[in-house]
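First subunit A sits with subunit B, and in the next complex the same chain sits with subunit C.
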Partner chain A sequence: MTQANITIEDIPVSTEGITAKIVRFQGQLDESNVDEKAKFIYEILEKNPKNLFLLFDFEELEYMNSKSIGYLTDWYGKITEGGGKITIAKTRSNILDILQVVGLTQLINCYTTIEEAKLALLQKPAEGEAAS
Partner chain B sequence: MENQGILYIFSGALALIPAAIWLSFLLKKGKRKKIQILIFLLSIFSVVPVFLLQYFLKFFPQFDVLEFLQGQIHNQNINFILLFISVGIVEEIVKQAILRIVDRKYLLIQSINESIHYSLIGALGFAFAENIFYIYAIYTQLGIQELIVPYLFRSIFTTTAHMLFSGFFGYYYGIAKFSLNISEQTKLTGKKHKFANILGTIMNMPRLQAIKEINILKGLSIAITLHAIFNFLLQFNQILPVVIYIVCGFLLLLYHLSLKSAKLILITDVSEQKESSMARKDEDIVVELLGLWFNDKRYVDVIHICERLIKRDPDNKIIQLFKAKAMDKMDQKSTYGKILKNMFPKKEETSLSSLVKQKKEIDKKPQQAIKETDPPIKPTEISDEKSETFNLHMDQ
Partner chain C sequence: MDTQQIPSNPAVPTEKPMEITITLPTNAYFVSGIRDFTLGLIRNMTEFSDQWAFRFQSVVDELCNNAIEYGSKPGDNIIITFINHPKDNIEIIVKDSGSGKVKITAEELTSIVKERTNPQYIHTGIRGRGLSKIVSEWTDELVFNNTGNGGIEARIKKYLKDPNLSQNTGNPLENPTHLVLNV
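On to the complex of A and B.
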């Protein structure tokens, strides 16, 4: 089995009802481990169906297979449905290239630093305001 | 003898009318007109082996397998079926041989659509020659009064039927010819080609060659079966079922001709082939994803990804095939969708493009910042060994 690790760190926020986390991916997500690793994200999703804000740190992620891109799309759909958000930070150029071709960068903003990604993550549409 | 010659010319002139009408229509639709005419002319002579076989069996009846089988079976219907299958086998084999020979010599066929098109022309040549002999035989045996109805029937339906049978062979011949790309694309959608693996092992041939042979055999079997059914229905004067059979078959063939995947040019000039601007390994991941999403019926996403990929790798036939097939599926969906719209409740579809639209709407709204508090909680490692720790943490 190829080595892949996921580390989760809470981002403490003062706004009630909001859960924000940094999810750090390390190694290679391939057929041998992707289903198992995806379960961890689904567990977080299950526990926080609403207002979940996730920052994916891809700095140490070397490889993503097609299935993991499928999962990423699914997480995006589920999280945004619950009023949450995903941002990605420090993606390697090969992975960024794949995400661009798939069209995921149109949905999930990718940033070069964690700070930028965090700043963008913790932005929420103001409640009760109409679209401009 | 002189009369016989005139009668053959007369028969030829009559047989030429439907052939010329069809040919003028087909020539307009296709490219390389000279080669199309060559196929037509060569196919006229494809009746020669059929007649030679008949003469051979007349003089050497010991080789007549059909007669032997018919002698063993005393059921008239089964004997008819055997007769029509054997007629179908001989005629379809000679018809397709011309197409294969010309294609090999001139590298004629560049798409599945063209394979069907040239098969239709070949069948037209064969039907033209066959019609000459039928018109001659009916005229000399029954006279001109009895010729009109069979002539009209053969001109309209038998000629069309020959084209129909060969058209289906042409479809599978096209799939066989481009099996390198087509089997690669279908493999990505999960097709296993188990029979090809078995055949390859038994016959000691490469898997791709086995896929090719299976498709050619499939096309030939379909053409032979359709031919035998047509002859069987005619034997019992089932004119209306014959007409329905031909019309339905032709509509199905027209549907195959209209497919975007059938129109796709699958031959690439290697010398002009542009290299991909994406790393092979990365492109493979995206192509694999196309297979997964094609299976999940996410055709809109498949089309959009293909469009972006084609910009990076313009000559990749697998990507082009994915796009064309996804577009065909979308067309089918819109056709069936209209029919099924009122029958079943509409399921909300989520494609990446619809999500992008939603995101743009959200991004337009004024944003408010979520405030961070200090200090952050210690990270939790999620790995095979530490997943329990994670669970405990999450429960706290």
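On to the complex of A and C.
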């Protein structure tokens, strides 16, 4: 199996009722491991169906295939339906290229630093805008 | 009688193409090695940029995964051929064994990919993006042929220079295969 690791850490938040986490991906997500690794995120989703805010740190993600894009799209749908949000940080240029060609950057914003991504993740939507 | 040497056309590459064929067992665990090989081959043996080396990594991965998952049964092999035409194009052919559970013809697959590359098409599932979103966008030619044993051969080609140069509007957003990212 190609090597891929996922580590998850809580992000302290001051707003009640919100769960925020930073999810760090390391290695390569491909057909040999992506189904197994995706379960980690679905477990978080199951425990936190509402108001879940996830920051994906892609700094050490070397490769992702189209099925992992499919999972990312599914997570985006479920999380935004539950009033939550996803941001992505520190993608390598080849990963950003993949996200752009499949159109995912039109759904999920990518940031160059963790701090920017965290800020955008926990920022309240402007008055009048629907919650993302 | 006067004889005259006909000068060679400088626009036509004269270097011989380099061809490499790899036979791979139908196991997803081996495809990471093919990705590494693709990256190294494109970087070291062609004039494509590093960005394109990574893109071909994705293209080959997607084609191999389809050949393994849909076109072949466990214990069989798929065949991957790289043909580098120096200074002109790279061609990659992935052939399944024809023993997969999913029986589909090249014509049917072509139709599916065409439907999914339609900008109006909405992808809803986990799967189905590899050929239409990645392979189609990052190649100039994508052709499926039926093999003699009931399988499919997927053939892609990417030119070093844009083959649609005359149609190039100059707007990078309208020519996604040649968008250069500065990240």
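The definition used in the following text is that the second predicted complex is superposed on the first by the 125 of 132 C-alpha atoms of A that agree within 3 Å, B and C clash if a C-alpha of one lies under 4 Å from a C-alpha of the other, contacts with A are read in each partner's own complex, and residues count from 1 in each chain.
Please note the rule applied: a contact is a pair of C-beta atoms (placed from the backbone, for glycine too) under 8 Å apart; a residue touches a chain by one contact, two chains touch by 3 or more.
Keep in mind that this is a model prediction, so the values were computed, not measured.
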| item | value |
| --- | --- |
| Contacts of A:114 with subunit B and subunit C, given as first, second, both or neither | neither |
| Partner chain in contact with A:2 - subunit B first, subunit C second, else both or neither | second |
| Touched partner set for A:71, first subunit B, second subunit C, both or neither | second |
| First, second, both or neither for A:30, with subunit B first and subunit C second | second |
| Touching partner for A:45 - first (subunit B), second (subunit C), both, neither | neither |
| Per-residue contact with subunit A, leading partner among subunit C and subunit B | B |
| Doubly contacted subunit A residues - partners subunit C and subunit B | 65-67, 69-70, 73, 94, 97-98, 100-103 |
| List of subunit C residues in touch with subunit A within their complex | 28-29, 31-32, 35, 51, 54-55, 57-58, 61-62, 65, 68-69, 123, 125-130, 133-134, 137-138, 176, 181, 183 |
| Residue ranges of subunit B touching subunit A (in the complex, touch as defined) | 278-279, 281-282, 285-286, 288-289, 291-293, 301, 304-305, 308-309, 312, 350, 352-353, 355-356, 358-359, 361-362, 364-384, 387, 390-391, 394 |
| Subunit A residues touching subunit C - in the complex, by the definition given at the top | 1-2, 28, 30-32, 63, 65-67, 69-71, 73-74, 91, 93-94, 96-98, 100-103 |
| Residues of subunit A defined as touching subunit B within the complex | 5-15, 18, 20, 24, 36-37, 40, 43-44, 47, 53, 64-67, 69-70, 73, 76-77, 80, 94, 97-98, 100-104, 106-107, 118, 122-127, 129-132 |
